[in-house]
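This report concerns only the one structure given below.
Which chain is which? They are A, B, C, D and E, in the order written, and residues in each are numbered from 1.
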Amino acid sequence: GCSSNSGGDDSGASSKVLVVGMPNGPQSPNQNPLATGSASLSLGYAFVVYESLMQVNELHPTDDPTPWLAESVEWNDDSTQAIITPREGVKWSDGEDFTADDIAFSVQLRKDNPELNIDFPDQYEGVSVEDGKVVVDFTTSQFVNRDKLYRLLIVPEHIWGEVDNPVEFTDDEMIGTGPFVLDKFTSQSVSLKPNPDYWGGAPKVGALRYDTFNDNNGLTTALTTGDAQWGWTFIPDYENTFIAKNPEHFHQVAGGGFGVDVLFLNNQTKPFNNPAFRQALNLTMDRDEISKKAGYGVWPTITSVTGLPTPTGDAFIADEFQGQELAVDVDGAKQILTDAGYTWDDSGALVDPDGEKVSFVLTNPAGWSDYLSALDIIATGAKELGAEATVEPAVQDTWFNDIIPFGNFQATLHWVDNGSTPWNLYSNIMDGASYVPLGETANWNFGRYNNQAVTDALAAFKGASDDATRAEAMQTIQQAYVQDAPGLVIWQRPAVAQYSTVNYTGFPTEEDPYANPQPTGPQAALILSKLVPTEK
Amino acid sequence: MRFFVRRGIFYVITAWAAVTINFFIPRMMPGDPVKALIAKNQGKIPTDAIPALYAMFGLDENVPLWQQYLDYWANLFRGDLGISFSLFPMPVTEVIAQALPWTVGLVGIATIISFFVGTVIGTGIGWRRGTWADSLLPISTFFSAVPYFWLGLIAIFVFSVTLGWFPSSGSYDRSLIPSWDWEFISSVIFYGTLPALTIIISSISGWILGMRNMVVTVSSEDYVTVAQAKGLSERRVMFNYAARNAVLPQVSSFALSLGFIVGGTLIMEMVFTYQGIGFLLFNAVNAKDYPLMQGCFLVITIAVLAANILADFVYAFLDPRTRQEG
Amino acid sequence: MTIDNSIVEELDEASRPTQAPDTTAVAAAAQERSRSKGGAHRFLFLRNGKALTGLAIIAFFTLIAIIGPWIAPYDPSAQSDDLMQPPSWQHWMGTTHLGQDIFSQLIVGTRGVMVVGFIAGILATVIGVIVGVTAGYLGGIGDETLSALSNVFLVIPQLPLIIIIAGQLPSVGGITVAVVIAVTGWAWGARVLRAQTLSLRKRDFVEAARATGERSWRIITAEILPNLTAIIASGFVGTVTFAVLSLITLAFIGIGSGSDWNWGTILFWAQSQLALQRGAWWWFIPAGLCIALLGMGLTLINFGIDEFVNPRLRSTALNARKLRKRGIRPRIGFTPVVYEAPGARERRDVTDAAAAAVRTESAARAAEAKRAAKGARS
Amino acid sequence: MSNTEPERSVLRAESLRKHFPVRGIGKHGVVHAVDDVDLELHAGRVVALVGESGSGKSTIARLLAQLMPLTEGRIVLDGEDATVHNRRAFRRYVGRVQMIFQDPFGSINPIHPVRYTLTRALRIHRGRLRGQALEAALDELLERVQLTPPARYVDKYPHELSGGQRQRVAIARALAANPDVLLADEPISMLDVSIRLGILNLLKDLRDRLKIAILYITHDIASARYFADRTAVMYAGRIVETGDSESVTQDPKHPYTQLLVRSAPDPDDLEARAHGARGEAPSLVNPPSGCRFNPRCPFATELCRTEVPPLLEVGEGRQAACWGYSDRPDRPQVTDVIEVLGERPAAPDAAAIVAHAAGVDAAHAGEEASA
Amino acid sequence: MTLLTPDSSASTAAGRPATAASDPVLEIRNLSVDYGYEDDAVHVLRDVSLTLGRGEVLGLAGESGCGKSTLAYAATRLLPPPGLITGGEVLFTDRDGTKTDLLRLNDQQLRASRWQDLAIVFQGAMNSLNPVHRIGSQIADGIMAHRPGMKKPEALERAAELLELVGIAPDRLRSYPHQLSGGMRQRVMIAMALALEPQVLIMDEPTTALDVVMQRQIVEQIAELRDRLGFSVIFITHDVSLLIEIADRIAIMYAGGIVEDAKSLDVYHRPRHPYSSALLHSFPPLRGPRRELTGIPGSPPDLSKLGGGCPFRDRCAFAWDACGTVEPVLTAPDVDGDDPRRSVSCLRHDPGRVIAAGFEAKPVPLELSQR
């Protein structure tokens, strides 16, 4: 039992179990930390058994990363080569020493097995160990992907080297460097116990358990009853539903990151082929209301006209847009429309320059309640312009297979890739490089925005070797975003987590957002190292 | 013998058709496991990862459908149901083996209790037709007409969240290690109580109604009157004559409903975060996990078929009239 | 839905002797009486309180379904600033997280439920009748094939199948859901009908029709089908209940029409917004109650049909209340005795009337004495 | 009988055989419901078929109506093989041969009024009748079966009719086809005495007026005597005796016929009773070898147990399938069953049983006392 | 206090003759039965009185639907819903002379009395045996219910004896009802009814479903057992000829009332009621000269629409205006030299009532006064 080492232990460890809740349904005993979908990755305990090279604080992506298994990572100018210096004195939980070879092996493993290589597909050029440092060469510039390298989980060569097929390896033992080691696995719950020899000092969390629930409701109930103390699920009206249950100890905090949700507008068909209408719609969207009603304040309001989340993106907002905030301005919108030749008929319906009534359909999969609520609000806004907007939920599969890739929509909400820079956000919305005609499968740029200047700027940002070039590119991009409104960011979608400080404190807070607060990332090891029991 | 053979052939054909449909249905669904996975992790899995995932699930190979079908049968006979996508790389058999006992245990027990209690109540109501007992019917009807999830959620809200009498989710105390000790078993029982109760409440009405109607019908049979004429005690007439005969159709219905246990509890498992095959199947459908979906379908199909066969014979064995002449 | 009796019925039918003429006589008597009272016997079941209640409920919901959109006080989708308001005079059943009026949603949503329920019920019944009756009548290889077909549909788990089929369709409107439910839900009825047809087919009147020279299709449609009316009707009612529950469950797990309101969508929203946990019972409870009420109404009609059709259930069911007033409890094996003075409907029930106590007591004493005597006779 | 001149043979059955497969769990075999039955119906004559329950009488009727396929044998109508192979031929056949079912409660669809039932029969056999013609035909039919006035019955539902009335509707339906042959399967068994007579008289009238050939199936040997010209006696799927009704009933030859006649209650002759006959009808799945009556026959010998007796001439126009009337040396000596079964058999001593019961009581009382 | 039905005294006063044997075991007095509970209930039995003497076989005959079964069931309070006993008494006299009114016993007492004092064999043996229990245990449970403390093996032993008594091998104890033939089942029912040596045995058409041979066997059996065990029997059947043969006394019922009650041969040879007479002219004789069969014209009255007067008047050849208003009651026949204990309910025999009602009395017609 993990509880036996309580009391007089001088480590200050508690006997209390910290329960992490996840809404992922029953799990199978696959703990492979590299295979997407494995229990350890989806519940997140892979991140407390295995560790990453560096810790990145998504809230401040421009800050220097915190060394973790790597003392440092040096990049060359165009970000095609990284030199990794491993940390000294780290041991695997079976007692073997952790070396540069383990890092090199872990990278090589991904290079050799495309199935496991989700971060840099086809982009590793070579891996070598020189002077106890690991040199990783990439085929392309990785400036926007640096953090992905930092986040790579490192596995022991002496175990994994023996494995025939690392793709199907279930890693029952889980020998890692992290602060916890596997105690037992059941399909509903995974227990871990502290790693007494952890390089960062034995953790003060006496035991860690990952419970899985069948859906958000199950997890919400567990969080509100205190059965689970850390996790993440969308809790509508979390202040009343969750925090109010124990205001002193229940918290929900948002991390940072460039995650946002975007209303993709079909730039190629009516009515959104007219930038004036897109802009006008933008002006009717009450981001505050959307965030509060549909997002329950969980998804913070987006304020900057550039669509960048704040404060994460502050450093990237072009000077000309600094301080420019989104606001509802129906009159302004009408003005824009009037200028563009729109009129209104007797009943107040908006008529486009071609003389057709403006109407459009907002689509999202049925069941995605926050999106659908947001669409409802957006539709209400559009009605103020006299446009006829209806929300039509779609079947999820249809949405994925027919609606989104082929552009069979007029307006739909979709997320964008997070990233360590705004590049993904803008590229996903408006990169001409992803442009394909309507009816063909698009990977991003679902709205089919095609502006050479923007395309070039996005490419420049990614490949540039100096900040000035990048700033310039960013300005071009943001100008286009603001002027053309090819897609509309509706809210931020930061990493959010709920936790209870009944047993442990030290989680990231609003005041001290030292890491992404969610338990399902490499930052879990960092957070756990900061947790202290509330009582001994 | 001919009877057995005919029935046998009939069931084999049914099984073949069902399994074939089970094979094709998932494949006719749009979408694939990778997209489903991406959808589930909205934004968390970078787009770059897509090719890796296709490779991992082996979806990049192009095998013609009929070849897949043949392979499927070949594997089926080897007891190999393939490897689950959503729970990669677990064999489907293992995944199902893990989930099945929970469903069968909880729902099975609930169904059995529901059957017995419902049958006894139904006997009472049927026997005392025309008295106050009749007013129980609309009440039980009400509970059978209520959507199950609605009942379950209210039960959770009242008994778990508000009163705290029962845990709101899970199949046992998660801090326990599954084993055959009393602590664990009692935990399983404790956690299973609320789900079982809701199942019983929502399903009992069917048994009550069925039994009541049969008892009413049987009560007017001559042999019941004869039993009364013999001066047997009320209890004896009610149970040994009326109920004993009325229960025959109930029992074969019961055998059939045992078959549906395996597949019919998706909502319960969702609402109560209970591990089981219904939810497994639901997840498989959402994750486009064909092998798992097929596996679940197969298990459910076999269970229902087996129950059908069972029902065929249970009746024959319970009713001496259909038994072999002595 | 009650579990199937078909197999049983098959076996039962085979072993049951042809109905005693008595029953028919009783039925005849009962019907004759009802006719003489003026009501056509087809509406006899209106005299059954249960059926009447059921019909009233269904009629009520049907009315709401028809006029709902006109009488709803608000646009059910219209948002307002009254977020999550408990019931009040403005909003009889409170509001949602977007300030939508739940009462209006309920009213407007009735149509979706009723339309889907009835379309699915009708479709499934039609398929079930066609397959079941044909199978039962044909016998032989055709029967085996059709039974296997319905067995396959019985064997395939239904809810997942509905989810999958619904997931295949580009857009899921109410009608689509109804069709999907019907396509997956007909097998049960077909099975019951098949068993019944099988036994009807062996009845003499079908043989007699054959001997008269009727063609098969006529035998099916004119001789057999009308005799199945009760089963078809109760199957229809059952399917409607099932369809309504399926629709609501589908909507609840996020499949199905979200654009048009129905009670399931209300519940879906309520649940996804944690209405219960937030104490917004007004959002969660009424829709569920409406469903239960509708289902109850359907089941009650079913009772009515049962009692209407089964002569054995009929006469007592008709006047249960009156009996209670007169203190008569019809029982098998203990015929009630009432002593009525001619003319006045005054009566004394021996078993409870105090007036009879003396007599009863002496009778009891006699019985006692007899038993004692028997014991002593050794 | 009134008509003595030989009438034209209408329907003839030649060595009919019907075996039903036995269905059931673990059972297999066939029911030998009808074996080697020859039967001939003449216009304007009635043939009665009597025999105990389950001896295959209804099966013969159904076979003759071609409602079920023959296992073996031939049905000859007006000298031509009439075994039908398709639906059209069947419909032509039913125009000539009509059947009245055993059970008046089951053979009329309870959901249709009399009008419907009869209209269908008329339309099928007499073409598209409408309006006045139809009404007239209906009235005529109902009058023919003495359901008068027709208007009172034509719109009734079967449940509103008494058993006798229903039976008459069933007869009317059969008559709608203007058949040459009427197969009346126990048309009176479910009715009470007074109604029975009405129906018998009705059939008699039809025979005489329309010269219909009638097969009259019954248990009631007295009514066969009253109504039929010839009588055939069946036992366990075979015909064991035929002959003109009067002599078959007054002077039965076959031991089974004797048993049957001697068992029928007859208030006029209380002495001529076969008392104490024991035994049951044999199983038709494994019928006894030889004469099927041999297990119950008081005269049975080894010959009866091994060889099936053929129908032997036992008098003018009479045949009996009993070895007792053969000229075989090993034939049994058949006399009147009365002589063998006339006495009541001795039964176990009743007094002893009573005493025992009392003893049980006593033991019982003792128990109670000690308790 | 109107515990006694008011006109019970009246009917005795009207001179209900002491038809009963000097030692009655069961007296049914003024029994009235309704079907239905409402105002439009059918009054099926109207003040029926009947007395069964000890050791007597009383036959009950009449048209189908005239209330024979109803009478039997009502007397035992086994009438199924919607039956309702609305008046009368059923007095049972035990061997020691104690009289009990079965209608006034409470459930407990009634249960104790049933089977012990009075057993009943129902119309269809097929349906009277519980198909899922072995016949042995069905016989035994009746025994055990009345002999608390008796062990099952003992009861089964007794059951075996009973089976032997009715001529069934005791190894049939372990058979299920469906494994027995109809005749055997009927005998099992009889064995079961005799299990507790009841003093009265009511048999409702115990042989109707059987063929004559089997019927004969059963009837013989009953007669023989009655001789040995000395119980009294009420035997209900349509088959008048059978009744005449086996019953000591016959009561003829018509439309819910008893119209004639006399020694069986008296009924046969000297019917006093027009209905009895017609009934006896409705079945063909098995032997002897073929007599003219007249049948009974018309159909039985609708019991729910009976007015005053004689219910048979519409079908009666001897009815006159008095029959429409004066309700006949059972009286001694107005024929000289008749057995004083016989009774008939016909106005032709009751000039007193006719005159009292202000009508002109008519003499007894010749047919009804044969000597």
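Throughout what follows, contacts are C-beta pairs under 8 Å (C-beta built on N, C-alpha and C of every residue); 3 or more make two chains touch, one makes a residue touch a chain.
In UniProt terms the chains read B, C = ABC transporter permease; D, E = ABC transporter ATP-binding protein.
Since the model is a prediction, treat every value here as computed from it, not as a measurement.
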| item | value |
| --- | --- |
| Which of C-E and A-C has more C-beta pairs touching across its chains | C-E |
| Chain occupying the most central position, where position means C-alpha average | C |
| Greatest separation from chain D - chain, by CA centre | A |
| Distance from the mean Cα position of chain B to that of chain A, given in whole angstrom | 39 |
| Separation of chain D from chain E, taking each centre as the mean of its C-alpha atoms, in whole Å | 30 |
| Cα-centroid distance, chain A relative to chain E, in whole angstrom | 92 |
| Geometric centre distance via CA averages, chain D-chain C, whole Å | 45 |
| Multi-chain contact residues (two or more partners), chain A | 217, 221, 224, 396-398, 402 |
| Residues of chain D engaged with two or more neighbouring chains | 163, 361, 368 |
| Per-residue multi-chain contacts in chain C, two or more chains | 15, 32, 167-168, 253, 271, 277, 316, 323, 330, 332-334 |
| Touching residues on chain C, where the partner in the complex is chain E | 15, 17, 20, 25-26, 29, 32-33, 36-37, 315-316, 319, 322-323, 326, 328, 330-342, 348, 350-351, 355-356, 359-360, 363-364, 366-367, 369-371, 373 |
| Interfacial residue positions of chain B with respect to chain C in the complex | 10, 13-15, 17-18, 21-22, 25-26, 28-30, 129-131, 134, 137-138, 141-151, 153-154, 157, 161, 206, 209-210, 213, 216-217, 219-220, 224-225, 227-229, 237, 248-249, 252-254, 256-257, 263-264, 266-267, 270, 281-282, 285, 293, 296-297, 300-301, 304-305, 308, 311-312, 315-316, 319, 321-322 |
| Touching residues on chain E, where the partner in the complex is chain C | 1-3, 5-6, 35-38, 40, 42, 65, 73-74, 77-87, 94, 96, 98-101, 103-107, 109-110, 112-113, 124, 126-127, 131, 178, 304 |
| Complex interface listing, chain E residues touching chain D | 63-65, 147, 149-150, 154, 158, 161, 164-165, 167, 181-184, 197, 209-217, 220, 224-225, 228-229, 238-242, 244-245, 268, 278-279, 282-288, 290, 293-296, 299-300 |
| Contact footprint of chain D on chain C as seen in their complex | 18-19, 21, 24, 27-28, 31-32, 203-205, 207-215, 222-223, 226-227, 374-378 |
